[in-house]
Amino acid sequence: MTATFYDTPDEALEGVGDGASVMVGGFVSASSPTNLIWALKRRGTRNLTAIATNIGFGDRLDDLCEDGQIAKAIASFAVRASSARASRFEEQYRAGEVELELVPQGTLAERIRAGGAGIGGFLTRTGVGTQVAEGKEVLSWQGEEYLLERPLHADVAILKAHRADRLGNLSYRMAGRNFNAVMATAADLVIAEVEEIVETGALPPDAIHTPAVYVDRIVRCDPVEVRWDGR
Amino acid sequence: MTATFYDTPDEALEGVGDGASVMVGGFVSASSPTNLIWALKRRGTRNLTAIATNIGFGDRLDDLCEDGQIAKAIASFAVRASSARASRFEEQYRAGEVELELVPQGTLAERIRAGGAGIGGFLTRTGVGTQVAEGKEVLSWQGEEYLLERPLHADVAILKAHRADRLGNLSYRMAGRNFNAVMATAADLVIAEVEEIVETGALPPDAIHTPAVYVDRIVRCDPVEVRWDGR
Amino acid sequence: MAAEPRPRLTRELVAMRVARELAPGSTVNLGVGLPTLVGAFAPPEANILLQSENGILGYGGFSEGDYDQDLINAGGQPVTLNPGASFFDSAASFAMIRGGHIDTAVLGGLQVSERGDLANWSVPERGGGSIGGAMDLAVGARRLIVAMEHTTKDGRPRILQACTYPLTGRGCVDLIVTDLAVIEVGAKGLALREVAPGWTPGEVAALTDAPLTVTGAVPEMAL
Amino acid sequence: MAAEPRPRLTRELVAMRVARELAPGSTVNLGVGLPTLVGAFAPPEANILLQSENGILGYGGFSEGDYDQDLINAGGQPVTLNPGASFFDSAASFAMIRGGHIDTAVLGGLQVSERGDLANWSVPERGGGSIGGAMDLAVGARRLIVAMEHTTKDGRPRILQACTYPLTGRGCVDLIVTDLAVIEVGAKGLALREVAPGWTPGEVAALTDAPLTVTGAVPEMAL
């Protein structure tokens, strides 16, 4: 179905309820869907499972921890090796108030791709012989050990793209594809904030990174500046 | 390493020897590497395992069967359901002279992607309960049966792209990405014929479909017209 | 064979009936052969997004003009592009198909069983056959419509209690549209929903080798 | 701790020594922290292709000018692009990393074992730690160089017979470059290849908790 257009990020989240699993696109500052994150905050949706490569590393996803909206995160960057400077998520994690599934970044991307591609699992060498292997099946291929990793799928994905056309096709800017383009395939409801909406046909067929078939809702928003100082 | 440029397709195939496994990009008429196929024919390389989505469906890969250069094919379209009109490959297959591993097209694409992505196997529902499942492990996920499919990797991949830059980046035209972009990742030696070579920097970063890291050799050739009448 | 009451539907009429199943704005993959004809019968205002497994979303009609060998559908036929079309590689295309993102696939069939098994790639007595993308579409499409002739050329049923030809997929068919009938595949077997003009449910059932459930009066196909 | 014979190498000098390991035209991924500095010491004529796991091949130096939040490396730092750079998504980026297409990765380290095991993501006594792309690079890169301080802040060895911290990867390290030495990891254990200016093999061995093989005279690092 072609995408539906909303006037505000709050309206675009209509029906996203407590307990939802939410994939959050972006990588640190690059194409993070900050307007949609803040709309989730305003709406007060609680008990969320957030799936994102980072939480509390310059992104505003951590803002949802202010009022304890996140119950669990599945992430690759979530807790620093030292508590000298901690995000709200980290404080809550160290206090045992939130749950964390720490996933190698490549395994996270591939699990999300698998969730979107109908793959029931895949074998990777990443994590063999480490804590990541705990509780996972080990299978072999050509004499090497591989972990069987399982797909990730979510109720909702919130994304940030650069442009959308009226059909729902998305294109990203620079290094903005990152987890956005992968998560677009792996959620029941896919919501994108974009900087600009153009007429259908204005995006060249080769400049479309996320075909319209993956996108349910679109809202135009001015991008929010995000900076991370690397600490 | 950055790509090496050759003057002729015959020279670009230097070192590709008898018994090689060769992935052949393209889909029917779209971006099939006909110049490189014909160079393989002229060079008389024998006992080849050809991995291609189609052989004998309008493509010129079938020309390699004239002199019996192909010993085995791994393909999704290779033999018609009736022998009323047969390619050379089909005749040789029906005569028991060549071997065929028939693979569902999506499984073929995903096995090649896995071969290029370090994935030791993946679970797919495609082929469950069919001949394709014979001899394969069945694993389950969320109560459904999946086949464990294994990666494909080749000695050589021959591809056709539209443009290359001097670094070795490739861009494809229209529906030319097809198996070309996937096979570029899954062979020890990747050779591309292209219609045009441009200076490095002339391809916009977003118009590069196959990053230079995947490409070893490039040769500029006028494209060969290929037509299939659908029979 | 006894003389038949009325002519069977032409391939075009079968395609026209299938086209009525396509929801506005839905994403549809059409298999080679008869299913290819369905595209022409979907009204433009329905904004059907046609997907082709060689890496196109949003292709249009067949190309009449200059031949462009890089712009073809999965059957190798030159096509046009609609506004908003996009290209991708084969792995991405089958991720779209296998991941459940295609609303409806229309495939040809050789045999369909009462459990919705489909056989459409190989005729054992002839040998050979190619799988192509059929097995992927069979498991991946949210709804699978099979468009085929109700019987073989020599009059034997193609709708059977169990397929005798090699399977394409198990329990994957949702709707069968033939030149004689529209049949829905459900948990309890096959339900006869419509018959071709001039045909009775009994006449269709006589050419079907699996039980057909009939609920009330079975209407003629509206074409 | 006894007084040391000479100063240890600065982070910049370690990065400079690592840069000499990068083959012209090779594809390199630099981890956060010290490894990030390596890029600046690779001569432009070497045409190193820097890959960043957030989806860039061919980025250049740090961006000095206008901040563009969509053009950052994996450490979140704004960067520039070299001609021929390309963008891709995270799944494609890690397919590149895990599929063995990165010639060399340079990662920081907390501990390395004599078998080449690497621990670099968690200090158990402090709790926490994040994996990021380290485990993927550890198994995927063709050659893995670890750049780190030879000892902890309180003087304990980081090169050990067995790691005590949670592992990043098993048997993945090929070369260790520290502020005191260059050590190669081979099938037979650790081979001391170079020492920092003013340091002897014996002094380095005394700060290493695994056997170091020495073949002939060990040269000082050329910087």
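For reference, chains read A, B, C and D in written order, and residue numbers begin at 1 within each chain.
Convention: a residue touches a chain if its C-beta (ideal position, glycine included) is under 8 Å from a C-beta of that chain, and two chains touch if they have at least 3 such contacts.
What you are looking at is a predicted structure, and each value in this text was computed from that prediction instead of being measured.
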Other chains in touch with both chain C and chain D: A, B
Furthest chain, CA centroid comparison against chain D: C
Selected interface, A-C versus B-C, where C-beta contact pairs are more numerous: B-C
Chain A and chain B, separation of their C-alpha mean positions in angstrom: 33
Euclidean distance of C-alpha centroids - chain A vs chain D, Å: 29
Chain centre separation (chain A, chain C; CA means) in Å: 37
Multi-chain contact residues (two or more partners), chain D: 87-88, 94-95, 98, 139-140
Interface hub residues of chain B, defined as touching at least two other chains: 110, 113, 117-119, 124-125, 174, 205-206
Chain-level touch network, classified as line, ring, star, complete or other: other
Chains that touch, pairwise: A-B, A-C, A-D, B-C, B-D
List of chain B residues in touch with chain C within their complex: 27-31, 53, 57-58, 75-83, 90, 93-94, 102-107, 109-110, 112-113, 124-132, 172-182, 209, 223, 225-228, 230
Complex contacts: residues of chain C adjacent to chain A: 23, 25-27, 47, 49, 51, 57-58, 81, 83-88, 94-96, 98-103, 139-140
Partner chain A, residues of chain B touching it in the complex: 110, 114, 117-125, 139-142, 144, 146, 148, 150-151, 171, 174, 205-207
Complex contacts: residues of chain C adjacent to chain B: 32, 52-56, 67-72, 74-77, 87-91, 93-95, 97-98, 117, 121-123, 126-136, 138-140, 166-170
Interface residues, chain B side, partner chain D - complex: 1-2, 113, 115-119, 165-167, 169, 185-186, 200-201, 203, 205-206, 208, 211-214
